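Look at the two complexes coming up: subunit A is in both, with subunit B in one and subunit C in the other.
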Partner chain A sequence: MDLALQLLFTGIGIGAVYALVALGFVLIFRATNVVNFAQGEFSMVAAYLMVVAVEAGLPYWAAFIVALLGMALLGVVFNLGVYYPLRHRTYLPVIIATIGASILLANSVLAIYGPQPQVLQGWFDTPGIQLGPVYLDSQYLLIIGVTICLVIFNFWFFEKTLLGKKLQATSQDKEIASLLGISVSTMIMITFIYSAVLGGLAGILVAPVLFVSIQMGSTIALKAFAATIIGGFGDVAGAIIGGLSLGVIETFGAAYISVPYKDGFAFLVLVAFLIFRPQGIFGERVAEKA
Partner chain B sequence: MRLTRRDFAAGIAAGIAAPYLIKSAHAQGATIKIGMCAPVTGPAAESGGYAIKGAKLALEAVNKAGGILGKQAELIVEDDQTTNPGIVLAFSKLAAQSDIVGFLGSIRSTQVHAISPDVIKLGKPVMIGGTDPNLTHMGNQWLFRCRPNDSYSGRVIAEYGVSTLGKKKWAVLHSTDAFGTAGGKALTEALTKLGAPPVLDQGYANQSQDFTPVVLAIKQSGADILGSYFTFENDLGIFARQLRQLGVNIPWVGSPSIVNITALKLAGPALYNTYGVADYAEDSSEGSKAFGKIYRDAVKVAPDNQSSWTFDAINVLSAAINKAGSTDAAKIREAILSIKKFAGAEGEYNFDQNGDGLHGYNIVKNDKGNIVFDKHIEFND
Partner chain C sequence: MSAPSDNMPIPAPAIHSKPLLVRHLPYFIGAAILVALAATMRFDGYVHNILLQATTFSIAVFGLSVVLGLCGQINLAQAAFFGLGAYAVGLGTNDLHLSFWLCLVGGCVISLLAGAFLGMSTLRLGGHYLAMVTISFQQIVTLVMINAIWLTHGPDGVSNIKRPDLFQTSQSYLAFCVAMLAIVGYLVWHLADTKLGRAMRAVRDNELAAGVNGIDVFRTKIYAFALCALLGGLAGGLFAGGFAYVSPDQFSFAESIVFLTMSLLGGVASPIGSTIGTGLLILIPEWLRFLKSVPGLYLAIYGLFVILIIRFMPDGIWGFVADAFTRWRARIKPTPAAAALQLKPATVGGDIVLEVTGLSKHFGGLKAVDGVDIAVRRGGVHALIGPNGSGKTTTLNVLSGLYQATSGRIVLDGTDITHMPPHQRTAAGLGRTFQNIRLFRSMTALENVEIGAERPGNAMVGKGDDALTERAMEALTFVGLGSRANELISSFSYGHQRLIEIARALASNPTLLLLDEPAAGLNSTEKLELHELLKRIAAQGLTILIIDHDMTLVSEAAQHITVLNFGRRIADGESMAVLRHPDVVSAYLGSE
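On to the complex of A and B.
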């Protein structure tokens, strides 16, 4: 039982990271109908920005704000440089452009900052607390807390605010949204900014656990992408549930079946969903509307 | 002037032969080229940078001392991207340059396995740092190892843990790539021979984000000592932190990655009081000390095995070509195999007929972040 509790905590912690990145995938997919394969690199860039800001002598909270502002700016540049020029093309050139952007971001950071993995201290001085038989890593606690807050925020933002409803309308039907006076390009811009900030947030939160390296984004993004499909592509709640499920499944699979095949469990679940429930846990909203 | 048929034939022959003669003359007058596959990008890019610096330092010294066969030597580096497809591409690019006389392969066994068929086809000497014992025992006569192989590291880890530390309940943890699998197997075999078969033999996949299941497995096994073979330092760093956080404080004797610079930086205090087998230990010999000084002066960081093996590889290859008196691959091979009592940064090289130059390891301890040499264990079999 002690073992299961420890695994559950860790699984939820790592799953929350997948969920945050998956959320970025979903938001951009809903707004533009394309998958942004540079979403993982957003996490990596934000973690490096954080390291640079901390090394520059900024207090941790200020470095955090600077890093997130940097990500917002990256979201703008990404929208204008990668999506906007191709917005009238089919989804394929846009997807290829996001893959290209992902490679560009990774290699740009490599060229600027070098290949050395970096250590980023966590928010708290204490590494964790022992709660009975379970050790609670303070960084994982923070990640879980932030994920819960974001779930609540997303619900409020998309369901209760005018801007959120405009974003939803844009994602559901751009032409009708445009006829209703909504600036579609502005809404898409906001989506890219929010997704970049979300991806960045995931990167900054996970950096003290996984270290800051060029590869950190792609490793997380692969799992987050799987989580998105499991949850139901296009569904915000699905991304959260998919991410958390994936984290828990792979952690328990590693502990009780096989450690070397840990990644295999995640993708086994993905394949099972693609065969038996391709629309994911929460289905696909576009299909429901049709 | 009348052009005879004989004059015409001679002219044609001269015309055909001229480019080859010019090229040959140019080659004879040019530098001696050595190719190197190194991870300039990818997860091992940092250690790859150290490897290139080690090789360049050796080359500078060789050139100052008169070069190779009286010519200046030149290093041609190709990025192996820290991947198997990457090194195959990098090696094929280098192999296409016919004037490269010898090569430095990878420190990663899995990458050496990847290029091994191409090395056989090319038939030129390739110095390697990969420590999977099979590499020099699978019929490839062109691979020459400048680090001790894992049959030695496994034996040294086992010997030190059982005899010196007095521990018999071992957990063996290793990556599931060629390096980790071979290392884990060598350690398990050595422990079994010493009458202490491991209570846990656990593999893990590279680039894991979480080691909680592994740490809990070690905890549950009741092991009183841990032996490990980690391929990547970031994996080692994550594991070390989680191991300590989850309250496992048993002695830990690891493969060389446990004492390299990147691992020490990432894991910090989580690696204090651990032991490592190290092919390079600064205080282990005069050659090691000399390299340490040169490296610190030039690179401004502490030396480790990432740079010491390439330093030695260039020196061994250069010495062998000079000894052979030729760039003929077969002659260089014979010259490498005849090298005995050659003082290098990693230790004293005595090449055997398999192509292994070193036959022992150092044991070092992480004393609050400082790597302290304990003892050298050499095998003669």
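On to the complex of A and C.
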């Protein structure tokens, strides 16, 4: 029972990371109707930026800001270089281009940094606190805390601010939005920047828990994508619930079934959902009326 | 039986004079020369290995040209299928001491089944699902190869892989692989012009239109995907026999990306392109060896390639060449003369062709169509009209199966089609056009109409491709575009595209033709032509159900009118009477 509680905590911690990346997926999907397969690489690149900045002697908080600014810039470049030129084509070329971008990002980092995984210190000096039978790792606490704050921020931003409303309008009907004087290309740019920063944040948060490696991007992206399907594609709440449940399932699977196949559980859960409930827990948010 | 018709059957000219195998003879001669060269020329070991790799990789890339090029579905796990075939041969001949042939076939079957399973679980959903699921599958296969040491020997890989007794020397084995390449290449090349190949291209260009033209979209995609997996498995088996050693890193996600890049670079739609792309991407790294000293640099360049090709050369090297050739050929290729189109709508039921009772379609709380009854009499033109938002197009979409009815019953010529998917309704005798034209944009006018003619159960088409082409030509000539049959859709004006869509529906010899706002966007001359065309169609006894806003067209063409407003039927009957009906007048002009 104590072990189960401990696993539950760890699972929610790791699941929160998947949820953040999944959120980035969903935002870009809703704005552009394409899935950005380089979303996971945003996390990986941010983690490396963080490592570089810390090694360069910056204080942790400054490195954090530098890394996130770098991600915002990457969001801009990604939009202009990968998505924007293809915006009038069908989804398939765009998907392939984002896959190309994902390969390009991962292997550029590999070419620069080499295959050796890097280590990033956690934010806090204290490793964690003991709460009854469960040991609460400080980094996991941070991840969960930041995720909760971001979910609240997200809700406030999209539902209560004018910019958020404009972004929503753009994602629902680009033509009408542009007729109403909303600059669609600016809105899409903002979405890419926001998603890149969100993905980057997830990468920086999870880096001290995992090693900082080239593979971390694709691993996280797969889990996050599975999370969006489990939650219900295109649904914000679904992405978060899906991410958390996947983290928990995976952690329990690794503890009770098999460690080497840990990364395979997401796939099994994914296929099970695709066969039995493809619309996910909350149902895919596509309007039925064509 | 059939409707009165003035058309006398005229013997149609033969379109292809020579049988297929004779016309393709140059290909086989070329292939035989290549096999002979591979069997006799002396290569040193290095060149031999490169040739063997290029040959086997090409076969795997052919798979992508089927699934991605023809059918427009993505597969990011081709290296995994390649690996399944390779491990089947490796483990089978080494650990189990089975015959090479048995293992090769076994590997193909395993790949095929894995592909079919993945396809069945995913292909009903959007393309992004398939991309992610194939990546996940790729990761699982790699995990198993590395971790299931009892089965796969783990990271060490499998060595001492046997070859068939017949091809023990590396020279003869290479010749065998080249022969396999030629055969598979021929089949893949020819596939595009078969019924299945046309269905795949139709699905790629427009799934919705493919469905209402009688193509089972889901099944077509599964066939394409399973075929791709099968070719991957075959290529992997040949690869394993050739190099006698396989290890997990040869079948990683990175290799899948390499396969994808090969396919995109050469030209995704054709086996020739696949071979060009594969050859180039095997040779370039050999020429630029210094790049290999930095890990990751190669794949980074491949990733950049993918982005650039997609943006600047979406059809690849071969697509670029072939496109120029097609345009040139379309200009010089004479279009065969065609006999007059015969329409013989089937008559199974009684006087009523289409009987709709209590039809409803609700979107959440919105009752777009609410308890509508329509009875379409055999022969003549029946119009469905109503103000904007009255539920006309929704009704049509429920009739053709794009939406499922919330309640009610649809009977077409005695068959209850209420719960059928679109392609089965088409097989049952329904033809339709779309308000916003949905043609297969990468095909010629003739090919578009051929897909219509290919409707299952079309009694007006004989056996074989020539009969199909003949029927399609007749339909195109009927709408007045016979002389431009070999032009690509993009070169036709909007009005002509609409006519091609009608020809596509007519070629299938439907029992009932649904026309969704055919006059929308046409100028006045084109509208007159359309009116003439409708008359000629109706003269052959085909029943038409038309939706349109154009009151002149509707009142002149239709004998019977049903009026909808707010999803309900407000009037129904003989045209002139209905148009004078006070409810109809107030729905259109507002009440006093």
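A few points about this structure:
Just so we're on the same page, the second predicted complex is superposed on the first by the 274 of 290 C-alpha atoms of A that agree within 3 Å, B and C clash if a C-alpha of one lies under 4 Å from a C-alpha of the other, contacts with A are read in each partner's own complex, and residues count from 1 in each chain.
Assume a contact is a pair of C-beta atoms (placed from the backbone, for glycine too) under 8 Å apart; a residue touches a chain by one contact, two chains touch by 3 or more.
Given the structure is predicted, the values throughout are model-derived calculations rather than measurements.
In the superposed pair of complexes, A:Leu270 makes contact with subunit C only, with no contact to subunit B.
Legend: residue contacts after superposition of the two complexes on their common chain; A:Gln139 is shown touching neither subunit B nor subunit C. Ranking subunit B and subunit C by residues of subunit A touched puts C first. Applying the stated contact rule after C-alpha superposition, one finds that A:Ala226 touches subunit C and leaves subunit B untouched.
Of the two partner chains placed by superposition, only subunit B is touched by A:Thr10; subunit C is not.
By the touch criterion stated above, A:Gly128 is placed in contact with subunit B alone, subunit C being left untouched. Shared-chain residue A:Leu110: touches subunit B and subunit C both.
After overlaying the two complexes on the shared chain, residue contacts for A:Pro260 are found with subunit B and with subunit C alike.
Comparing the two complexes, residues 107, 110, 114-115, 214, 260-261, 263 of subunit A contact subunit B in one case and subunit C in the other.
For subunit A in complex with subunit C, the residues that touch the partner chain are 29, 34-35, 37, 81-82, 85-86, 89, 91-93, 95-97, 99-111, 114-115, 214, 218, 222, 225-226, 229, 233, 260-261, 263-264, 266-267, 270-271, 274-275, 278, 288-290. On the side of subunit C, the complex with subunit A involves touching residues 72, 74, 76, 121-122, 124-129, 131-133, 135-137, 139-140, 143, 146-147, 253-254, 257, 260, 264, 294-300, 302-307, 310-311, 314, 363-364, 366, 368, 397, 402-403. Contact residues of subunit A toward subunit B in the complex are 3, 6-7, 10, 14, 107, 110, 114-117, 119, 127-128, 135, 137, 209-211, 213-215, 219-220, 251, 254-255, 259-263.
Interface residues of subunit B, counted against subunit A in their complex, comprise 40-43, 45-46, 48-49, 176, 202-205, 207-210, 212-214, 216-217, 220, 233-234, 237-238, 241, 245-247, 262, 265-266, 268.
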